[in-house]
Amino acid sequence: MYRKKYAPIGSVPGTLVLDANSDRPNIQSFIYDQNHVEENICSGTLDSTEYFKELDKIISSTAKSKEVTWLDIKSVLNEETLKRIALAYSLHDLTISDIVNVPQRPKIEEQESYVLIILAIPTLEEDCTISVEQISIVVGTNYVLTFQEHDRDVFNPIRQRIRQAKGSIRKSGSDHLAYALIDAIIDNYFPILEEIGTHLEEIEEELVDNPNKSTLSDIYTAKRTLLQLRRSIWPHREIFSAILRDEFKIFKKTTRTFVRDIYDHTVEIIDVVETYRELAGGFMDIYLSSISNKLNDVMKVLTVISTIFIPLSFFAGIYGMNFENMPELHSKYGYPILLVAMFVVGATMLFIFWKKGWLSSEKISEDS
Amino acid sequence: MYRKKYAPIGSVPGTLVLDANSDRPNIQSFIYDQNHVEENICSGTLDSTEYFKELDKIISSTAKSKEVTWLDIKSVLNEETLKRIALAYSLHDLTISDIVNVPQRPKIEEQESYVLIILAIPTLEEDCTISVEQISIVVGTNYVLTFQEHDRDVFNPIRQRIRQAKGSIRKSGSDHLAYALIDAIIDNYFPILEEIGTHLEEIEEELVDNPNKSTLSDIYTAKRTLLQLRRSIWPHREIFSAILRDEFKIFKKTTRTFVRDIYDHTVEIIDVVETYRELAGGFMDIYLSSISNKLNDVMKVLTVISTIFIPLSFFAGIYGMNFENMPELHSKYGYPILLVAMFVVGATMLFIFWKKGWLSSEKISEDS
Amino acid sequence: MYRKKYAPIGSVPGTLVLDANSDRPNIQSFIYDQNHVEENICSGTLDSTEYFKELDKIISSTAKSKEVTWLDIKSVLNEETLKRIALAYSLHDLTISDIVNVPQRPKIEEQESYVLIILAIPTLEEDCTISVEQISIVVGTNYVLTFQEHDRDVFNPIRQRIRQAKGSIRKSGSDHLAYALIDAIIDNYFPILEEIGTHLEEIEEELVDNPNKSTLSDIYTAKRTLLQLRRSIWPHREIFSAILRDEFKIFKKTTRTFVRDIYDHTVEIIDVVETYRELAGGFMDIYLSSISNKLNDVMKVLTVISTIFIPLSFFAGIYGMNFENMPELHSKYGYPILLVAMFVVGATMLFIFWKKGWLSSEKISEDS
Amino acid sequence: MYRKKYAPIGSVPGTLVLDANSDRPNIQSFIYDQNHVEENICSGTLDSTEYFKELDKIISSTAKSKEVTWLDIKSVLNEETLKRIALAYSLHDLTISDIVNVPQRPKIEEQESYVLIILAIPTLEEDCTISVEQISIVVGTNYVLTFQEHDRDVFNPIRQRIRQAKGSIRKSGSDHLAYALIDAIIDNYFPILEEIGTHLEEIEEELVDNPNKSTLSDIYTAKRTLLQLRRSIWPHREIFSAILRDEFKIFKKTTRTFVRDIYDHTVEIIDVVETYRELAGGFMDIYLSSISNKLNDVMKVLTVISTIFIPLSFFAGIYGMNFENMPELHSKYGYPILLVAMFVVGATMLFIFWKKGWLSSEKISEDS
Amino acid sequence: MYRKKYAPIGSVPGTLVLDANSDRPNIQSFIYDQNHVEENICSGTLDSTEYFKELDKIISSTAKSKEVTWLDIKSVLNEETLKRIALAYSLHDLTISDIVNVPQRPKIEEQESYVLIILAIPTLEEDCTISVEQISIVVGTNYVLTFQEHDRDVFNPIRQRIRQAKGSIRKSGSDHLAYALIDAIIDNYFPILEEIGTHLEEIEEELVDNPNKSTLSDIYTAKRTLLQLRRSIWPHREIFSAILRDEFKIFKKTTRTFVRDIYDHTVEIIDVVETYRELAGGFMDIYLSSISNKLNDVMKVLTVISTIFIPLSFFAGIYGMNFENMPELHSKYGYPILLVAMFVVGATMLFIFWKKGWLSSEKISEDS
């Protein structure tokens, strides 16, 4: 649950834990305004010279034009690529460090010429745990850079909207593009919440019908997943409320209306996560009381059987003694009288237990 | 507990998850001032042309007059209807999205020409769970639009007051109408609280008299219902306190006095919900300790019976042995002496258990 | 614990749930300044004409004089009486509604010409639950109105001080009178705290000496009472801190010094209530562990007895078998040797259990 | 834990619950500046005329001189003494009331000519509970009055420093003296924390080595003591932070630097108390699970013994039957074969239990 | 967990609890600017005269030059050394007191000519507990003093960076040096978090596979360690946020950007600690329910064996009685019929228990 690459203690701030030999990332760029759109892909499979020539071409066009440029860098470990981009967009050492040393806590930070936004995008794994990936967004006046940990397709719908000029995205500036990207990221939380909701319902049914040891580990896993989800969603709230408080000039008023929508979604996600956490917390109590109930049922069976047969065995033991002078043994009706007496005692006890409700097969079968 | 229609991830903000073929909603309109009132119903059963002609007529009269117009749209899924209304009252894309994609978290939001208020109205179902419906209210300078999920009669008393000019509603503007509508919605929480209160009292009695497995699930259901209720009432508080802080110009000072009354009600509802939650939380502890008490009683019965008869059986076993040289067996008084000894031992043990209070039938009957 | 009269959903704000035929309340009035004091009683047993003539006389003298008038209305259900008072002091519809629809949450609210303060006065019932009564205080520039639910004598000491001109009450304005009345109300919490404190100590002793099932219900009742007390005292804090923040012009600086004293008392009450709640919360844990300890003791008795006698019975059983070829049976010393062996085994086991501390009668007697 | 003298409900604010006949308190006075120091003791054993003559002399010298006067009044119940001091230093009625009606909640309060500071000084009793005493400090421009509940020697080190002109105390004003006195009071919390820390460590060891019933009551007592300590230290924080926020003109900037030091101490005390509370909270869980573990061990012993011997006894019972036709009984090797069979069965069961780890004497001895 | 040297109660503030005879500390100094760097070591093994001559030389060069001076004092107990440094850099009495009386709560404090920062550096001991050491940093305009409790090598990487002019450290002022030192201290928390994370994972596995008594003490130790870690990291957050709020002029804007990075790290550490605390809290519940499950399994074994054999023994007992008139005994097939009947009864019971799932060896072996 907690694994992170650290720079060595006391190292120069911004030290990159990079592998100079790691693959060059795919970079997909869009340059667009209301009237036209240009799309380039700088593939990591190109050879080095070609690759950087292509990259420089994309970068240089940002500086010249008033159009919005979006660079989507699909991995963050190649040193040379990062250096060129950092130089072109004058990224601060600490910004680079935040982008590379994943995962950082989600945050927003203003630098001289841009705003850095770090977000966390969760994935629900097979075993119902959460893995979190970092996406870093650098928003400048006429450009947006996105850095992903791995090449995923989370931004595909945005690409479609740019190509097809759907909505107001092509008419608006870099801040609106940033909004659209953030929105696409936050939307990823909802299907996860839904799956967890379904999972909690399953656990609930299991708790009622047939609680067993796997139920316990299911409850624990659900609690841990919710804990992770909560830790990853909470910081986003601060990010969006900081934007709404108008702390960053790059976000214009019209865009802030849309960011308010993301903020509302985030609050809702938090709400649901907290509600689920309370529900899951209650499950543990139910599980514990169901174990106790089971123990009660086991003990009732033992007690009923023992309480009936131990006294009867005692009476049988009495008449199994070898005293010479035991007149009952010689009586003709001693044996049948004893049998009847035993039956009466046993039946009386059964009746008492039935009155106490210790025999009710309904209860016993219910939780067996 | 958590089911929601989502727009696809990354779709254009304000995308409507609408069914073009869904039924046209009933729309009931009031146009009134102090002196006169006009009521129209635009029924969903009319054919398309008639329906929209009627709708346009209602809408156009809003623009012209200084009177207050109230449109009550009794379902939100017909695309054409929504589009016309959105156009007429220049509703923002995000507003439409909030109205359609139910349930949203309750909130208040100012747009250029109107304020959007989203509220949640709860219903207590048969099985003691809560279902929540969204009501969206758009408050303009001289109009109020209400969008309900289903055609319910929650606003009937308000309609009566408009028709009969009761109270100050006909003398006041659109903000006072909005207040009256909100008040009618919030009032729905009180009877639910009362029912839950009664339900908690029943559980409490059951816990004292005869706790069983259905008690456990009753406690759990009550806790979950209170959790839902809490999640749905809390956001309202922020809404009303925002109005009281005078953040929205549309609400005049005289109306704010009344909104303060709703605010007080909301705080009271929250208070009661939190108190109930604490009570219900305590129930679990009592249930657990009652299970443990029951186990104690079961074990006492087992222990008393075993402790008395196991030693006695041992003595009977001794004299059931077949050793040739056992002088007691041949003594004339061996048998009666042993019987008396056994009786004394048994009685002594019973006395000890009685001193310990393990026999007190009062206790056993109490929790059987 | 939660019972309230509601106005019907959606009714005109300020609708009174009044019975026109209910008895006219006793009204006791004081009109005083530094030099003279006049006391009137308008008894509910007078006939209607007399009653209202008397009432009007009292009311009219408020308007004319600069002296302080205090009207103590000792029940709030007679419609005619309330209407006349509301008219005379121009009370807002919502004020009347707050006074009549008891219990309201304690609060303070400014209206044009007066401040409305709603307080809760608790009574500890026989069964250690709390019942709360509402007292509404309307403070004008030269008058104070108090509305009580029932005719109680909580204000008697204040009446004495006015009659005898004790302290500074006769020299000060209506705000000081209001302070004195509030002080008398808040003082009622202290003896209740003291009684609850004594009750908690009794429970504590019971937990240590002899925990039983009534202890459990005592703990639960105490927790519920503290919950009620907390819910009723907390809102007062906001009231007094609002006065201290100088939000209400009617309270002069000299009076605010005294209100600060009430504020300190309120904080102290809250402090004690929270401390008691924590203590009572810990009781449950102790109770649970005492049940478990009892179970342990029961099981130890069973285990000691069974573990000693079951093996011994087995040996007796061996020699009770009827095999023809059992040489031990015919040996002369078989029987005494076996008896000695059994004694040694039994004694050894007892010694082992004694070493384990399972026999220590101290422990068993302690919690029996 | 909660005992307090109350003034009767509704009495004039500032009513003193005093005994006119109580002993006159010892009063120790210092009048000093940088160059000289004068010390007087006005002993409670003097006769009335002498006593008040002496007192008046001390008081009068305050008014005249610019030197700092410190009056340490070592009991607060004599009415005449209090009245004279109140008159001389024009103390507000509420101030007197706060000084006399102990214990008040610690607080700071500004009056016209002085600041009243009420502090709580704790003592750890033999039985590990806390008793709290109130010390009231009145700080004027050139005088400090301290009122103690009983004649204790908590201020002795300060007296030494004044006499010997150690540190800057003789060079500074009344605010520095007040600081020194407060510091001496707050320092009393540290040794108590240390003792409680040692006590918690002892409990912890007991929990690991040999948890028993006295452990439970030790845990409870520790929790209660920490609760009391917390309730008494928390309000001090507000006092010192109010001084640091510069709300009281009497405290000069140089003194505030020192008060910041006390503030830091207070925060540290709170920190430690909260940490201890969390530790003590965890103890309960450990205790509960240790009881359960013990029960498990008891039950394992019972189960092992019963499971081995009950089946064996059954087989012995079979061959103790008196059927005529039981061929095994007449076989020569019946008996030894059965004995071997029994041994094999018993040994097998023992082996199974050993595999399950139910026999491991290490575990059993560990918690016996 | 809580051990501290206290100055005697009521002593002069700033009293040093020093040993005049304690060893003189090693002092390592750096004097540098962009172009040159000078390094001195004033070893504690020098004789007194040499030592102080050397020390004075270092100190005097601070006053003269505009270069940055860094004095690293590697122990704080020698009185003479401290006095000289305090005099040279005009340290306030309380500053000295904070440096010497370790451990103080981490804090930041401005004095006339410098800022005092007190930090806590944790070490994870062998037994998984935390020990905390204090490092005090005094930041002046052109000097930084660091006081360590013991001579550790935590600042080595910074020394390397100064010598090799790596990063911007040699180009920046004393505030940047302070930042670098603080960064090196805070970085020490990360490896500890990682180790605790691994430890928690081990506990988790143990809980699932084979919970035993050492698991309980592991959980408790982990919780206590996290409690200590939390107590030591929280105050740092206030320190860095105070710097970010620009409360201290000595920290320039460029440096504050870097401090923001430390702040983010601190928030992340707090985040992880709180997450771990929640996880560890859940472990206790799992442990308790695993004990209960084990008890259930033990009781099932006992119940199955007892329930089968006790009734069978009873039947054997019946036919072991010595009544003369028991016809079954003389029947030829009595014995085999009884054996068959016993087998049928036993098998039936086994079948019932198997249906109940009490026999499933999978379950029993799982948690044995």
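Going in written order, the chains are labelled A, B, C, D and E, and every chain counts its residues from 1.
The definition used in the following text is that contacts are C-beta pairs under 8 Å (C-beta built on N, C-alpha and C of every residue); 3 or more make two chains touch, one makes a residue touch a chain.
Note that the coordinates shown come from a computational prediction; the quantities given were computed from them, not determined experimentally.
The chains that touch both chain C and chain D are none; no such chain exists.
Annotation: 27 Å between the Cα-based centres of chain A and chain B. Between chain C and chain E, the centres computed from C-alpha atoms are 43 Å apart.
Shared interface positions of chain B, i.e. residues touching 2 or more other chains, are given as 288, 292, 295, 299, 302, 306, 310, 313, 317, 320-322, 326. Taken in ring order from chain D, whose neighbour in the chosen direction is chain E, the chains follow as D, E, A, B, C. Interface residues of chain C, counted against chain B in their complex, comprise 1-2, 4, 6, 8-14, 92, 94, 97, 104-105, 107, 109, 111, 212-213, 216-217, 220, 223-224, 227-228, 231, 284, 287-288, 291-292, 294-295, 298-299, 301-302, 305-306, 309-310, 312-313, 316-317, 319-322, 326, 328-335, 338, 364, 368.
Those residues of chain A that touch chain B in the complex are listed here as 154-158, 161, 166-167, 169, 180, 183-184, 187-188, 190-191, 193-194, 197, 201, 208, 257-258, 260-261, 264, 267-268, 271-272, 275, 278-279, 282, 285-286, 288-289, 292-293, 295-296, 299-300, 302-303, 306-307, 310-311, 313-314, 317-318, 320-326, 355-358, 363, 366-367.
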